[in-house]
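Okay, so chain A shows up in both of these, paired with chain B first and chain C after.
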Partner chain A sequence: MIENGFNRRNFLKVLGWGGATVALSGCGNTSVEDGREFVTSYAETADYIIPSIGTYFNSTCAQCDAGCGIMGRVREGRVLKLEGNPESPINNGKMCGLGQAGVQAHYNPDRIREPLLRNGDRGEAITWEKALELINEKVGSVNPENVAFLTGVVSGHVKALLNNYLDALGSGHHYVYEAVAPSVVRASNKKAYGVEMPRLSMDKAKVIVSFGADFLGAWVSPVHFSQQYARFRKPDNGERGVLVQVESKMTLTGANADRWLAIRPGTEGILALGLINSLAAAGLPVSEDVAAAVGEYTSDRVSKDTGVSAEHIAKLAALLKERSPSLVIAGSAAEGYAHGSQNAAAIALLNQVLGNVGQTVEAPSSVPFPQMAPSTGNSFALQSLSDDMAQDKVKVLFSYGANPVFTAPAFFKLKENLKKVPFKVVFAHYMDETAVEADLVLPLNSAMEDWATLMPEYIAEGAQLNIRQPLMEKMYPGTLGVGDILLAMLKQRRPDEYNDYEDFYSYLRSAMVSNKDALGGADKDDDTFWETALSHGVVKLVGEPVNMTGSMSAAALVVPAPFAEDATYPLHLIPAVSASMRDGRNANEPWLQESPDPLTTIVWDSWVEMHPKTAAKLGIVEGDIVEVASKSGAIKAQAYLFPGIHPDVVSVPLGYGHEAMGRYAKGVGSNAFSILDPVFDNETGELAMHETRVKVTKAGQRVIIVKDEGPAGGSQMGRRIALRIPSNKVNLSEEV
Partner chain B sequence: MSITNLLENWSDFRHQHPSEDRPHLEYKWAMSIDLDSCTGCNACSVACYAENNLPVVGKEKFAHGHSHHWMRIERYWDNDGREFADQGAQFLPMLCQHCESAPCETVCPVGATNHTADGLNSQVYNRCVGSRYCNANCPYKVRYFNWYDYPTTDNVWPAPMEQQLNPDVTVRGKGVMEKCTFCVQRLTVAKSDARTEGRLVLDGEVQTACQQVCPTGAITFGNLVDPLAKVGKQWMQQQVDLNKDKQAKDAAEDAVKLRGYRILEELRTYPSVMYLEQLRESAI
Partner chain C sequence: MYSFLRLSVLLVGLVVSAGSYAVKAAQPLTTADDLGPNVEQPFEFPHDRHAGDAADGGMEINCMYCHTYARRSIVAGIPPVQKCVGCHQNIESVREAPRIKKLFEYWDAKKAIPWKKVHDLPDFVRFNHERHIQRFVFAQGKPVQEACGYCHGDVKKMTVARRQKPLSMGWCRSCHMKDHRIDATSTKTSQGPNDCWQCHK
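Up next is the complex of A and B:
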């Protein structure tokens, strides 16, 4: 390569002399030599940092409230990818797509980077000192009765601090709001079983009948249930579990069922009582009052009311009688009606009759620290807040972990009511619809920069406290953790108690360490206990199984007749909760927008699902832009023809249609929350999400739907690509 | 290479790996996917975006078929004639099948796609000239072309989103074909670690990103040569032979079936991914 005898060795010699010459010709010592600067070798790096080698740190996912343990791969100070934490009994090292996208919440270009104070239509950057001083002043100038906190689910030490702050005010109101939550089922479970969320042992069940509970997609703790589902499908003995899904619009779980039963909306309770009747007729022992209560629900009548064929009712009853234990789950499809509580109670009664309570419906563990147990939310809370605001009862409002302006139906008039609140503080990651309305926006750390402890609502084994710890340095100096903000606010109220804590980290560490005996660290010194907790990401607690002391009264159970037809609004609207979009809080993460909806394969837009029969009747073809109008409003979206939906139903996914938030969310699709009708569950007062009646009309345009499935739609065109065989043709116990 | 050499030793070039006389030596990476466990949740697909620096192309480019999902979930219905899809959907995670006799390899004019010694269908990005012949020839449609220079395209990796990129994986430029690599960056590390310790990679020591994330554990990945590897045991138990284009068991008229199969096996591509058929209960 190098000619004329000038070889590599000579070349290096020349370089060496040249270098030395440069050094010798310098004046005096270098800054390194005389100690003004240091050369730090990578041989002495900070703990665990080896260039090019990823190190894993445990933390807790913040994408939904299931509380999966995560493990962040950190390289050269950056978090790159999340994996599941194998030590967490909730997810055992597994994750979902939504959780994977957590890094995109962290590195999102649309995050707010400094506190913003409203100045006319604009937000003006201010310092944290000024922001906190302003809060102090505003809170101090009003009656504590008029201070309100709106939050999503809170638990752990953040909840403790929040409660202490409210306590310090002497009053204040805490509204816990979840836009999409199984709140009616919780209330019904509490009645039937004595606990809001019993432990569902799917892996012990031989048959699961789910009334619209999308436990593989978006219901309660999907990653945990998915693992149970895998064991339910393929237990060691090879007896494959059978899943039957009853719902009016197919969910991801419905798409995995052995039999998907399209039920007329709202008649879930009737089917449950009909099944009890059939079971009793087949010889399953039931008490007299139950027999009396279900006496009139004969197979013929139930079939007529629900649209489920008598043949399927008989087969399902036979299956349930033959294969025990089973598990019956009431999900969002059953609870979303004005008689949602009754539907859920009927389904709970079916579980009782089948003897599943205590077998597959088990007692959860008690929580050793009730002050840290999760405060779960519901839509009733937002309704109360909205009413209070309308009556000028709220002078200072704090909002954290919720985006009510986006998720509240239009009839709430939330945006108008918000205007009556003189000072609104929003803790936010993005300038979302609620932050835009705020007077003061406080930018939060991402979940990958923050400290917290969390206690999930559904815990798989015993009790546990999850740790959230920073996986890297803060991206922006101007953001703070919610714990830090609450601590700073508490210092304003109770300086004597809290001034000793420099930041939320020191508070958290000292609170944990001072309770280490109860947190399983009695035999460890403080540092070891703390380090162990951080490295595991989960602190397992000792709790006792609580008593399941429910009372089910069959006599009091009344399930209404099916809906009457409505000539003006002939179709039922089912707002669908998809696994990745949920209530829309993660809509600005592009992986989720580009991840096709599993059932329709649509990306980057909303759609209106309808049965081909319904579409034919209305003269609609795929891609027609249609208007979906309810009494409360109208939205437009593209029509998609779908074989997994009842002909009386149309479905629009939630989470799309943001008017703010960021570049990936804004303007994508339409917001189905906005057109929901004001119908509420009779017993709990919860918004009945499935009660909205709509009419669908063509709006004139037609588009080509952007989706992943090819022109053949769902057909394999005779090729052997995805194969399916009856389970009795296979011997699963011999499989590896 | 003379034409004589090419013609005389044609089978060596065309049909190197699936032959009895030339077994794989230390490694043959292979996968199995249980379609009865797969719920179609898309976690694998998103994990692949995170691990392999896949660009998010946006709605318009997605409509043009420019999406880059190396792992994608295909969804089929089989309700032919019936009112509802009342036995649910059929989900199929589709990724590069790492064919032992890959149709894409033979057509590459520059040898950018070729077979590695441990049985991967590899893509050499800096050799690729973008002829896209491989894409045209792939029966599984799992090759993805960079029609644009995504690192400089708006909103693909706007700062600071680029900080998430995996430094172990190249960010591909415009005009380059790309595809699933079986997470070769993870395999390389595992092999190197094992070599340092003077041993082979143990089963379970390395996982692909899709396998690691899968909530139901539907994906098994490992070394087919390793007699202790679960993936090999599965292939063996299901009587799926890597080197056959027709499996003997398929001809048998048994009452009890084995559900392992490979997609489009009859094309003699010898795929390294075995699927296990989805099951449905007949009592309901």
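Up next is the complex of A and C:
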């Protein structure tokens, strides 16, 4: 044993001298390494390709479904950095952190590189010919009724090919699944306004009241809304807009609001009706049936039900009355309950009473090519698929752009139901939880190697078709684009129609060029039209504003009373959708794991966010590992105390807790999807994401939370760096 | 025992650092030549034939006709094979020469020729061709071969290029410390940048 030997002090001395030695000797001429490396050279190249100078190519971001235009900087044949495409009206040249991490999806070391066929519990590499032959054989051997496609949001020519394939089979089983989507709001909008997603003109509004819509962080099209928000805050002329955020757990948008109101979970609809009542009392003209419907929602009662003080309700009503037009948005916090549809309807009614429909809630444009319009998804689709699988109705399942084994709550029993499907084909980038269950895994090109057209759900101006084009050569020869795979599958079914197309690129080009008149290229020859489309990255289409022909019936609107107390599971669980993690599909990109959550600054882990008062009651301090148990399951994570949350609520971010997928995602945090309770929206049948009741208990361990925030818990240690006043000292009507 | 170990480690450190410092200090600011190693290339490219003086049988082609990126980019670059072929497809007289046959083999296969770097600075150094060419060739009006030759030597007399100068920091500084006229007509002069971060990444 070394005793009294080379201790720390001596170690440091030697380290110091060694360091000085290296520093003094420096890096001499020896580093001029003549003749070791190759010069970048080309056989043929375009004039604009200059070594060491980046060239930008336009494409479309694939990190979420908002469809922002991107420009990739390409140097010496490699994509280095992404920027926003200024020509896309969705993001106008801007980009978010999630989008920036797109290069890590492309260069990711965990990508699958060749088709894998299940052999026992292993995947065996096979050729594409064999994989496609196998698909042909399996699909051919079953009743077309038993073939099902599960996808995420699809649009553009990939959707057209997919529909043609289903058509060729004679089966219509296409389940579009989005784990985190405003599907109840879509249904409610459809009813109230006649369109699923109206255009929200935040820049025209003077007040925005958002019921839990995190439009600056993760809701629908955050980069677009952030720019609208900037104009709303600082209009060219007129007053600075006022944002009031009503939610039970503070989101990034809530943190930016002038007034953040912590509301008792699920009572958003009551507050909306209460506001109508107050507005009517203050003299805003409302129709008789509306007045009758909201008559009993007096300020006192609403205050008691929602936990929002009568004073704040009065101020908010005064603000809304004074400043018109305003905009009221129903977000995920309002729709995530069994009565989510009613909440959303009440909020839509508030918009109508305020006269916002047609002013700030505007009609979107019609889509000239409905077969390419986006198919948006919901959780009901997965529920139906899961039921069909349980009843042995699915013999061949294709899965693309979704990871249902990870995102489905445990009560779905999706993994067991999947086992009943004899042949499961998963199109995947990584060996994620769903790919692990597959019989055949088909490796996809990254979004930076692929061809596609996309039509986003939320388009800022007119209609548009986004182009996705390769920014560099494929990293691995064994991957294929989803369009190429679908085309190959279609060739098996409809050879006469599709054999002429060598690959998806030639199909896409010919499909676009043959429709160039409708795509704004009537005056151009084929090549010019195609080159123009590629260089712009966006094809702007002419569409007429659709008619907003919704109807709102105040009489039919019933918003239930607040939740009853639950002695066993006293707390509400809010599964939080963070700007970086979303539903967890990008969890294997280390930049996203590493970028701190905007509110808690935590990195590389899940956490249980709770109010300091609640924590004190339970004897929990920051860093305690706690168990969050619902009727459907339990997870463990570190506790984080945060005042921006209702005391009856705990919140766990989604997207963490992967059991597979890759080295950066696997084993990081816990999966909040798994413990959600089987509660569904009454009208749409959507999974009510915010309905889960939980109890929180200490699990015994305590850890140091890894976060950017200082060790003093974000306090300023008496240094008056950012001055603040308590929220109850702010007079909303004067301040804002 | 351990104090002996400590002492020896410290002594070794001292000796090595002093020695290496001596080497550094002895390195003069020099324009002297320092011939680099012979670099084996896929095939021999006769710089003398292309750029050499007409009297010596050369064609006097401007360096930047082929190294076209030098005036526009950090790197001078190697021309794409299409540029070689652009001329050589019309030069029947040497079409069957072994080097030209090699060239057309690459061209027919549409493959880039894997040239090796002859002047390869360490990765922490940034050398910008564009700045030097713009200053010496375009502002001062120096002949191209002279300007390129400051660092690359008399390439027009070589076949395969070979490093002629040390390309060390002291050597760079020897020129950056001189007064250079700011353009062809002015009598004003300036020196090359002296900031660390101009060249060091």
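The definition used in the following text is that the second predicted complex is superposed on the first by the 670 of 736 C-alpha atoms of A that agree within 3 Å, B and C clash if a C-alpha of one lies under 4 Å from a C-alpha of the other, contacts with A are read in each partner's own complex, and residues count from 1 in each chain.
As a working rule, a contact is a pair of C-beta atoms (placed from the backbone, for glycine too) under 8 Å apart; a residue touches a chain by one contact, two chains touch by 3 or more.
Predicted model, so just to flag it, every value in this text is computed and none were measured.
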item: Between chain B and chain C, more extensive residue contact with chain A; value: B
item: Which superposed partner A:334 touches (first chain B, second chain C, both, neither); value: neither
item: Touched partner set for A:244, first chain B, second chain C, both or neither; value: first
item: Chain B versus chain C as contact partner of A:35, first or second or both or neither; value: second
item: First, second, both or neither for A:52, with chain B first and chain C second; value: both
item: Touching partner for A:271 - first (chain B), second (chain C), both, neither; value: neither
item: Which superposed partner A:75 touches (first chain B, second chain C, both, neither); value: first
item: Shared contact residues on chain A - chain B and chain C; value: 52
item: Residue ranges of chain A in contact with chain B within the complex; value: 52, 75-76, 78-84, 91, 93-101, 103-104, 106-109, 216-217, 222-223, 226-227, 229-230, 233-234, 240, 242, 244-245, 250, 252-262, 312, 315-316, 318-319, 475, 579-580, 590-596, 598-599, 601, 603-605, 613, 643-644, 663-664, 668, 704, 706, 708-709, 713-716, 719-731, 734-736
item: Chain A to chain C touching residues, read off their complex; value: 4-6, 10, 13-14, 17-18, 20-21, 24-29, 31-45, 50-53
item: Residues of chain B touching chain A in the complex; value: 34-37, 39-43, 45-47, 49-51, 56-59, 62-63, 67, 69, 72-79, 83-92, 155, 158-161, 163-167, 209, 212-218, 230, 233-234, 237-238, 255-259, 261, 263-264, 275-284
item: Interfacial residue positions of chain C with respect to chain A in the complex; value: 2, 5-6, 9-10, 13-14, 16-17, 19-21, 23-24, 36-37, 39-40, 69, 72-75, 77-82, 106-107, 110-124, 163, 166-168
